[in-house]
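One structure is given below, encoded as structure tokens.
Letters are used for the chains, namely A, B and C, taken in the order the chains are written, and counting of residues starts over at 1 for each.
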Amino acid sequence: MGALKSLEEVYHIIDANFLQFCASRGIFSVEDFLVHDVSMLMASADKLSNSDRLKQGINQLVLITETYHQPWMNGLMLLEDREQNKHYISTGSESFDVLLQGGLREGHVTELVGPSSSGKTQVCFQVASNVALKKGNVVFFDSGNSFSPTRIKQMVTHISGSEENKVNGGVEEAMRHIECHAVFDIYTLLDLLHQLKLNLKSQSQKKSTELIIIDSISSLIAPILGGSNAQGHALMVSLGYLLKDLSHQHNIAVLVTNHMVSGEGGSLKPALGESWRNIPHVQLQLSQHHTTTNIYGVYILRHPYMASGKSVNFMIP
Amino acid sequence: MANKLISEMGLPKSIGHIFAARNIITAKDALSLTEFELMELLDVGLTQVTLAVALISEIASPPYQTVQSLLEQRMQNEYLTGHLPTHLKGLDLALFGGIPFGALTELVGPAGIGKTQVKKEGADGLFWLQFCLKMSVLATLPSCYGGLDGHVIYIDVESKFSSRRLIEIGLNSFPEIFHLEGMAKEMAGRITVLRPGSLSEFTESLQKIKVSLLQNQVKLLVVDSMAALVSGEYEQGPPRQHPLGWHISFIKSLAEFSRIPVVMTNQVRSRSATEISNYSFQGEKRDDCGNFDSHLVAALGIHWAHAVTIRLVLESRSGKRFIKVAKSPMSPPLSFPFKITSSGILLLNDDGIEMSGPQINAIDHQGHSDIILS
Amino acid sequence: MEVLKSPLSASQKGKLISAGYTSINLLSSVSPSHLALELKISEAEALEILKTVSDGSRSESTSTSCTIVKGAQSAWDMLQEEETLVRITTSSSDFDNILGGGISCKEVTEIGGVPGIGKTQLGIQLAVNVQIPFDYGGLGGKAIYIDTEGSFMVERALQIAEACGDDMAEYSRLYRKGFHSHEVKIQPKDFLENIFYFRVCSYTEQIALINYLDKFITDHKDVKVVIIDSITFHFRQDFDDMALRTRLLGGMALKLMKLARKFGVAVVVLNQVTTKYSDGSFHLALALGDSWSHASTNRIILHWNGNERYAYIDKSPSLRSASAPYSVTGKGIRDSPSNNKRIKNI
């Protein structure tokens, strides 16, 4: 969309004359057109000499705008889409999967919150290893220099060892399915996600990306919030919607991690505040049980169709 | 460097004006904002902000020196590569020549008991007082006698400084100088004693000192005692702002810029049963090095302890007295047994005993409770 | 990509959007003069805008590389790379063991502990050890030492450098007799020559220097370790606005990580401890608060355990939580004398 002028080349009906007509009513872009009442425009076009041609132009514009919105879907179609395309991705821990009724859902943005060393990154690694072993692609955005290929190798070997698909080179193949990009500012992240979106559109069937991980999203967003800027907020929200859009359109599970900071009275709360809370579909809180074991606890803070408050323990090898 | 003016940094004119218009005048103003905040405030794009910040940063950065050139410079310009010898041989060896210039040296021991005890030679409570006085004498001595030939500023919080004792110490340690006509008077005259009565007065005198340090060839700053200034504020818990936070950094910068040694005393208090000495991963086990009654800790807490470069602790264990090098970036933890003779302090062993374990931080006073109480 | 998300200033974005350029694709064929006329801005500014957005849209062209996102690396390739990386030894084999061989390059490692536990000594040791040549299993790099507390002691650095030189001579005498003839002992002077020392006196200087390091390391490519002793000092004094402190520290953490990643240097950040209230009791914890605790890749706490100094891995994406004893001697950091093999894997 954008300026009406840009449509001039494609649609001959939108000519200089028509543009002038629009400009005289303060309409320069498609957005401007949308906020005007079409019947009023028609009526004012009637008064002019070349009314037919102008009306054709208006109709053309209406048609153009209609192709831009998402198609209407009813509940049945949504359910179908969900059952056919939105699969569960196993977290690799049985009890964790049971808690989530199958695992992370494609089409959902899942957020892990927890204090430092509560197992957030370890869960990310484990989910990634699991997906990669089943030949799904994983894109890992790392903002904390915490991506450790050595650890991934350990996990991949562990998982493939416990099942019987222990083939030589299986580890290498799985690890080739995980790709990592270091990201240190939000603009780079937005840029990369857009690029990813375009690539997914153009080569939809060739490679299936099943999982996007951003570890951690809060260290990118926290520096732009605060102070007195509304722009930071706008960027955060648009990042949120971009993630939701990606996950829904391309049937990808998105996994992000969020820090915890001390709130009032010393209790911990997620680092990104109320306005971010609405973005992730699922919010899970992690904690490490004893500092000396590899048993972790997970607790549902927020879920679209499950009661919050349930929790289980799981182990990371 | 933090106060360098942005207008003098040679930024492109267009962006320089914007900084000025938004009242961002110094490097500190600019760098106290994140790049994103600058974009917002200045209403310019990220590329321009990044470029401007890079340039400001480059200019505001301190210059570097290789450690070798630093070493050469110290060897050339400074007496004993920047150390004031304590004339306690073992201790001087461990500290590479003495109390270092440009750093904070903390002396930890029981608080002085007061003037009535002055006559009781060697009481631990006055040990560090004596030590401070001796260091003052050493700093004022002519360089031909191994001194620094300078002035001393002595901040005496508890009114313990005594000129008579100073001269006594001088007479005992350097009889050949102090018996010279008028010498004792001149030495004593080079020591300026300040007696702030409260924390705010102390703050004031510190600010005044800054100027005189450079004007008057001051070669030593003594603060006796730091802890007395904030007595009653030892409560546990997470203090958001340390009461001495400003003073710590100010004194450090004083030491650094005038390259003088700073000696300060700290008191001890008995260790409370709830003393924090464990991380959460260590669980609840208490460390078991002795019963708590006989253990003391430095009065100013952990925040303060981080700030000092060297910490010397006075303690007594099974009838012997020790000086411990409890914190020092230059030596392993050592402990020196000593005794006090008529001519002053005498180390019994110049090699020191290497200490193991956290006892280097604990302050023992077994068998000498009389000293603390009396 | 929408104009809204591009790194332009708010007013530029506003002008573009009101002129109908909501997406940067629309700007691809616009000339600067045309844009200048349309937005009523100078031609130079228009050119600036077009340059910024074309940087964004260039990356949008579908990449032909095998990765989904341009510039990404597969975990397998990273593993191959990581396995060839040399780590910086701490001079204590027990300590090295729990670290998987030493301090890792390309990562930010935070080390904290109570006063007098040996943080500065470890810092100096690393600045010396990074210079051990390839032939001896080292990195042959240089070091940057950022001193915020004024606790760096040149004499101690000299002592540690001498000991390191002696150890290397000893090593070559024992294991490399054949090379003995043309072996030249590294002089302590050479070690000290390769440590770049910065003294930082305020938090502004600290931020400025960390920004500037990017350029400095570009000019001094052989720098392999950056030691900051300590990150905490200036941020613990004179800071009233805690939210600002958190933002500045957050920004600094990202920059340090970027440095580590971009130049393959090890960034070692020393931190102080403070008391923290949690679970109903007070504990020691590293300073600077919860949000900072996420800033480093690895977090190591030095602590007393009975009569020995121990290093404990508090947090690491790749290492198991473990602890090992070490000691501080006249020569620097060394193995704990009392127990040579007693690493506890917990």
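Convention: a contact is a pair of C-beta atoms (placed from the backbone, for glycine too) under 8 Å apart; a residue touches a chain by one contact, two chains touch by 3 or more.
Predicted, not measured: the structure shown is a model, and the values here were computed from it.
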item	value
Chain pair showing more contacts of the two, A-C and B-C	B-C
Label of the chain whose CA centroid is most distant from the centroid of chain B	A
Chain whose Cα centroid lies nearest the overall Cα centroid	C
Distance between chain centroids, defined by C-alpha means - chain A, chain B (Å)	54
Chain A and chain C, separation of their C-alpha mean positions in angstrom	30
Distance between the centres, which are taken as Cα means, of chain C and chain B, whole angstrom	30
For chain A, residues that touch 2 or more chains besides their own	187, 223, 227, 231, 291-292
For chain C, residues that touch 2 or more chains besides their own	7, 10, 244, 247, 251, 277-278, 314
Multi-partner residues of chain B (at least 2 other chains)	34, 37, 39-40, 46, 280-281
Chain C - residues contacting chain A, complex	1-2, 4-7, 10, 19-23, 26, 56, 59-60, 62-63, 67-76, 78-79, 82-83, 100, 106-108, 243-244, 246-247, 250-251, 253-255, 257-258, 260-261, 277-278, 289-291, 293-295, 297, 299, 314-315, 317-318, 321, 346
Partner chain C, residues of chain A touching it in the complex	1-6, 28-32, 115-117, 121-122, 125, 132, 137, 139-140, 143-153, 172, 175-182, 184-185, 187, 190-192, 194-196, 198-200, 202-203, 207, 209, 216, 218-220, 222-223, 226-227, 231, 234-235, 238, 259-262, 266, 268, 271, 291-292
Chain C-facing residues of chain B, complex	1-2, 27-28, 31-32, 34-35, 37, 39-40, 42-48, 53-54, 56-68, 70-71, 74, 81, 96-97, 100, 102-103, 236-238, 240-242, 245-246, 248-249, 252-253, 255-256, 274, 276-282, 284, 287, 289, 301-303, 305-309, 311, 326-333, 356-361
Residues of chain B that touch chain A when the two form their complex	33-34, 36-37, 39-40, 46, 280-281
Chain B-facing residues of chain A, complex	187, 223-224, 227, 229, 231-232, 291-292
